[in-house]
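First subunit A sits with subunit B, and in the next complex the same chain sits with subunit C.
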Partner chain A sequence: MSKRKGLAKKEARKGFGISSIYLIYAAIFWGYPFVWLFILLFSKWRFVGSPQFVGFRNITRVLTDPLFWKTVTNVFRFMMYYIPLVLIGALLFAIALNKIKFGKTFIALSFLLANVSSGVAYSIMFSNIFSVNGPVNKALNTLFGITIPWFTSPQWAMFSIALIVIWKFIGYYGLILYAGLTAIPKSLYEAAELDGAGSLTKFFKITLPLLNPSIIMVLVLAITLAFGIFTEPYMITGGGPMRSTLTPMMHMITTAFQRMDPTYAATMAVFVAMISFGMIWVIRKTMEREVDLV
Partner chain B sequence: MKKVTVVFIVLLLTVFAFSQTKLVFWTAPNPQQEMFWKEVVAEYETLHPEIDIEWSTIPAAGSSEEAILTAIASGRAPDISTNIFSGFAAQLADIDQLVALNELEGFDELVETRKMGSIIEGWKINGNAYVIPIYSNPVLMWWRDSLLKEAGFDNPPRTYSEIYEFSKNFVVPMERYSIQVIAGRNWWDRWFDFITYYYAAGKGKPYIDTERMRAAFNNEVGQEVAKFIKTMFDNQWTAVDLGTDPFYTGAIAGTLMGPWSIAYAENQYPKVVDDIVITPPPVPDNYPSDQPIYTFADAKGLVIFNTTDHLEEAWEFVQWVFSREDFDSKWLEYTKMPPAREDLLTNEIFADFWEANPLAAEYAKYVPYAIPPAPITTTVDVQDIMTVELVEPLMHGTKDVQKALDDAVKAINRILW
Partner chain C sequence: MTNKKIQSGNVILHIVMFFLALIWLYPYAWLFLASVKPSAEIYTRFLPTKFTLEHFRFILESAERMNRPFIRAFFISLFVSVTVTVCVIITSAIISFALSKYRFKARDGIFNFIIFQMVFPGFMFTIPLYILMRNMHLLNSLAALIVPFIMSGWGIFMMTQSFRGTPNDYIEAAKIDGAGDLFIIFRIMLPLNNSVMAIVGLFTFIGVWDNFMWPLIVIQDYYKMPLSVLLASFNHEYGAYIGPVMAGSVIQTLPMVLIFIIFRKAFLQGISMSLK
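Our next item is the complex of A and B:
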């Protein structure tokens, strides 16, 4: 009995030793910044000296800052274009990839190239393509006699940025959905076919419900991305026109490092995190279904 | 005996290593500037073996400001850093991070030796000189000579009306525009459009009254500049999103540029270089033709942080660098950016360079007329408001000139006051 106890202790020590690597890592890179963030939330600090306690001043300042809420609204506008389009696009990509017989890896990798390409590089590329005298506007003008102010109109600018981000992520999300599709047993479709189900019925009654975990995962990733978007508006529109593409991340970075107000930026970061977590929670609560494939 | 010698050498090296003073020195992450500083630092270390300069470029981050502030916050600020613009210097001085160089012995002599007396006046913050200006880049107008001639202009347009006239002859919508009037929508773009035009039209008048902390551009000069911007957009003689390098591709015939673009043009568009004509920024029609035209100076300088433990050594190094004319000559050779000195055109040491580099020589002429940005701590907010309340409404035609100026000045004063 005592031998077994000793062995259990030994095992426990071993387990603790292995997991301590992660615990130390988390304490340094997650715990410490989290405590520091909490301190900044209630203080005034300008990179030097000790933070001065200011109570809830930073929080009330965020609540009454129209610029911050404008950036949050901009994120919702971005999501309004981004989420449905990227989801439909990625789903079509996944279905197409599932049907392809040859060259699957090549096609998947081609789509993933967009995802791994430099944000700065493709932002420059798209700003050329969509410029006022660029190829897209020239083609539109020749074919239909119209031009679109892609980045110069407050109504269009965020949509144009959403299009660029969709291009970047369609392959990545598509592969997640593709993995979900391949996990659906073929026998389910065969059984449905025997029962006389058509393509649409199969899609809506089998594919879509069984893809629920993958779709939720894509949604969570898309929401997280929307609240952290920075490179594309920073490089292409600089947050304009009329601040219509200014994102919370851009606002936080300029506030912390150019306005030298890191405590206020930290408070905004907490709000952004709460809003995005809130959204994810709502999505999971309302849309997530337990799927049993066996 | 051998053992004793080895121990002696080890001891000697240890003592030598510990007796060295280490100075941490950061410079701009730019290949040409890196080449310059590498040689300068190596020479100083050879002359002063007791000093070890730990030289590096400013660490990779979103911006130099971000890297420096993070370093300050974590207690790892360098002793000396370059690449500091006047607004950032004002912010650093505001949190008491900079050494007031004018209080150090030998400052006046250095200013006299480097011929930067009047330049340094524009850099003073609350009466103190915290920054040694390294370079002063006037922003000037580049024109494509062949495109001007195509539109029947033998000389580049000088005034707003001449630009309007040129635009009428030259612009083909969707194909080509006359000039790029607005540089972009980021806050720093105002340095390269409204502020440059304002300095040019107002003979260098400041756009912020730093004594009274008030915006100072709601006047006749501001109206002329705003009217110019609005006219260009109303008539679709210009556009914002012109793609990359519109000047070189021929999508526009003129644009404001800094001297850093010379090296870029020579490397990327060598065929266009001979077609470039450089003039001062455009001015209102009534601007006297015999008066010099002022412009904006994109200027950066060097500071010593007051967290340094080796102020004396740091200051000696700074004095040594800036008292050497041949270094300014080397800087010019490597970077093509005019050093912040007033004798650029009269000092023999630079003569050969100007002869071999006529485009850079044009920039040298305007160094005495190039004014750095207002030394205020709220540069980002001020210029962000200029963008949202003034420039963008003029571009989109949503406000008239006076309303745009009124709104911008009112909002800026709220921040400054």
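Our next item is the complex of A and C:
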């Protein structure tokens, strides 16, 4: 009896001992930065000396900084193009993949291959493909006689960036939705057909509601991505033209390391995180439905 | 009649999807062809009249003289990605074993803490983490690219979930045969859970190889830059050398594409597993 107790104690000690490796690691690389984040939030500091406490000045500065809110609106402009297009595209892709019999693997892999393209290389690739004398404009010119300033006009630049991010993620999101589609029992559709439901009714009354968890997941991923977007605008447009593609991440990095103002940059990062949390919370609150798949 | 209609619709769907798949592959094809055709043909032709490796030679040899050591950067990227991936797999396996197979008081607390951590987006910590690296005097060194990432809460989470499903009988049997904990973890638990190991490894490797913002901030020396940052800086200053830039992009993309093609099964599993 006492031996078993001793063994259990030994096991507990060992378990905690091993787990504390992670706790120590997290304390250094997560806890310490977390404390610094709070210090930065309420102080003024330029990487030298010790931070000076300034109360809520950084926070009021963010609230009244037109450039910061411009970058936030840029993210919303990005989402305005990105989310509807990528969601509808991924949904169509998932439905088509569900119906396809021949070459399914080839098609799925072709779309997914885009997802592993490396951020810097694919930005360079697309900035050439969509350049003024690039292949896309050349095709448009011979077909319709038009040339589109994809990345050089303030009206087009964010849309073009959204397009290439769609190229990258449509396969990934599509596969998430496809996994959701295959989980819907066929018997539901058969029962609906017996009741005389058309394909539109089946789509809106069965497919869409039962796909709700997957759609919410894609939305959450897309929103998270939108607020963290950095490489594409940094590489392709550098935030221009006329700051139309300047994103919060780019603004944060230049503020911290070129203008040497880390306290203000950290405050912006917290705001961006809160805005993205807020949006995700609202979406889950208003759109998420409990789904029971038998 | 209706059967025929459905069939022809199905044929059209197949054709459309094949066509779209080709469109999705087109940028890769264009990039690759641009890297092996003479400079004059990059914007004028899709298929080259003559195959050339001059752009690769330029980026791998001449760029070195322009202070852009691409071969070195390639091996730095490879070294950093492999080191981080191996470390993450080892640490995740050991810690997940403790979290799933030992009973102790703080166990659920630690696991919940890991889930809680995953809620915070990484960019919130970029600047404080930079300050930590600075205080540790690790800026502008490869350690700054490796040390903060040798453990992964996400990796521990994924492996713990998977280890929980492995029956304890295997462990008991090994213990009776006199196996130690490390033997059990690396010879029994990991092989039994090799799909989750592949997923954690794959996503970690791709994440590190593709990371751009962090190395851009912490590495200033061209001779310590990983490939992504060096390629960006080359494109920034010598963007007119379109051929070599394309060759550099191919070199940077190729490892991920190869890994994806080799491990596509694990990749697909990873996507469907992230749903739970």
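Basically, the second predicted complex is superposed on the first by the 259 of 294 C-alpha atoms of A that agree within 3 Å, B and C clash if a C-alpha of one lies under 4 Å from a C-alpha of the other, contacts with A are read in each partner's own complex, and residues count from 1 in each chain.
Everything that follows uses one rule, which is that contacts are C-beta pairs under 8 Å (C-beta built on N, C-alpha and C of every residue); 3 or more make two chains touch, one makes a residue touch a chain.
From a predicted model like this one, the values you see are computed outputs, not experimental measurements.
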Spot which of subunit B and subunit C makes contact with more residues of subunit A, would you? C
Name the contact category of A:N74: first (subunit B only), second (subunit C only), both, or neither. neither
Between subunit B and subunit C, whom does A:S276 touch in the aligned arrangement: first, second, both, or neither? second
State whether A:A179 touches subunit B only (first), subunit C only (second), both chains, or neither. second
Check the residue A:G119 against both partner chains and state whether it touches subunit B (first), subunit C (second), both, or neither. second
Who does A:N58 touch here: subunit B (first), subunit C (second), both, or neither? neither
Of the two partner chains, subunit B (first) and subunit C (second), which one does A:I100 touch, if any: first, second, both, or neither? second
Is A:P33 contacted by the first partner subunit B, the second partner subunit C, both or neither? second
Which of subunit B and subunit C A:S244 touches, first, second, both or neither: neither
With the two structures laid over each other on chain A, which partner does A:F227 touch: subunit B (first), subunit C (second), both, or neither? second
Residues on subunit A touched by both subunit B and subunit C 47, 124, 128, 133-134, 138, 253, 256-257, 262
Given the complex, residues on subunit B that touch subunit A span 62-63, 65-66, 69-70, 72-73, 91, 95-97, 174-177, 184-187, 189, 239-244, 251, 377-381, 387-388, 392, 395-396
Subunit B-touching residues of subunit A, taken from the complex the two chains share: 46-48, 124, 127-128, 130-134, 137-138, 141, 147, 150-152, 237-243, 253-254, 256-260, 262
Residue ranges of subunit C in contact with subunit A within the complex: 10, 13-14, 16-18, 20-22, 24-25, 27-28, 30-31, 34, 42-43, 46, 91, 94-95, 97-99, 102-107, 110, 113-114, 117, 120-132, 134, 148, 150-151, 153, 156, 181, 206, 209-210, 212-213, 216-217, 228-229, 231-232, 235, 242, 245-246, 248-250, 252-253, 256-257, 259-261, 264, 267-268, 271-272, 274-275
Taking the complex as given, what residues does subunit A use to touch subunit C? 8, 11-16, 18-19, 21-23, 25-26, 28-30, 32-37, 40, 47, 96-97, 99-103, 106-107, 109-114, 116-122, 124-126, 128-129, 133-135, 138, 167, 171-172, 175-176, 179-180, 214, 217, 224, 227-228, 230-231, 235, 249, 252-253, 256-257, 262, 265-266, 269-270, 272-273, 276
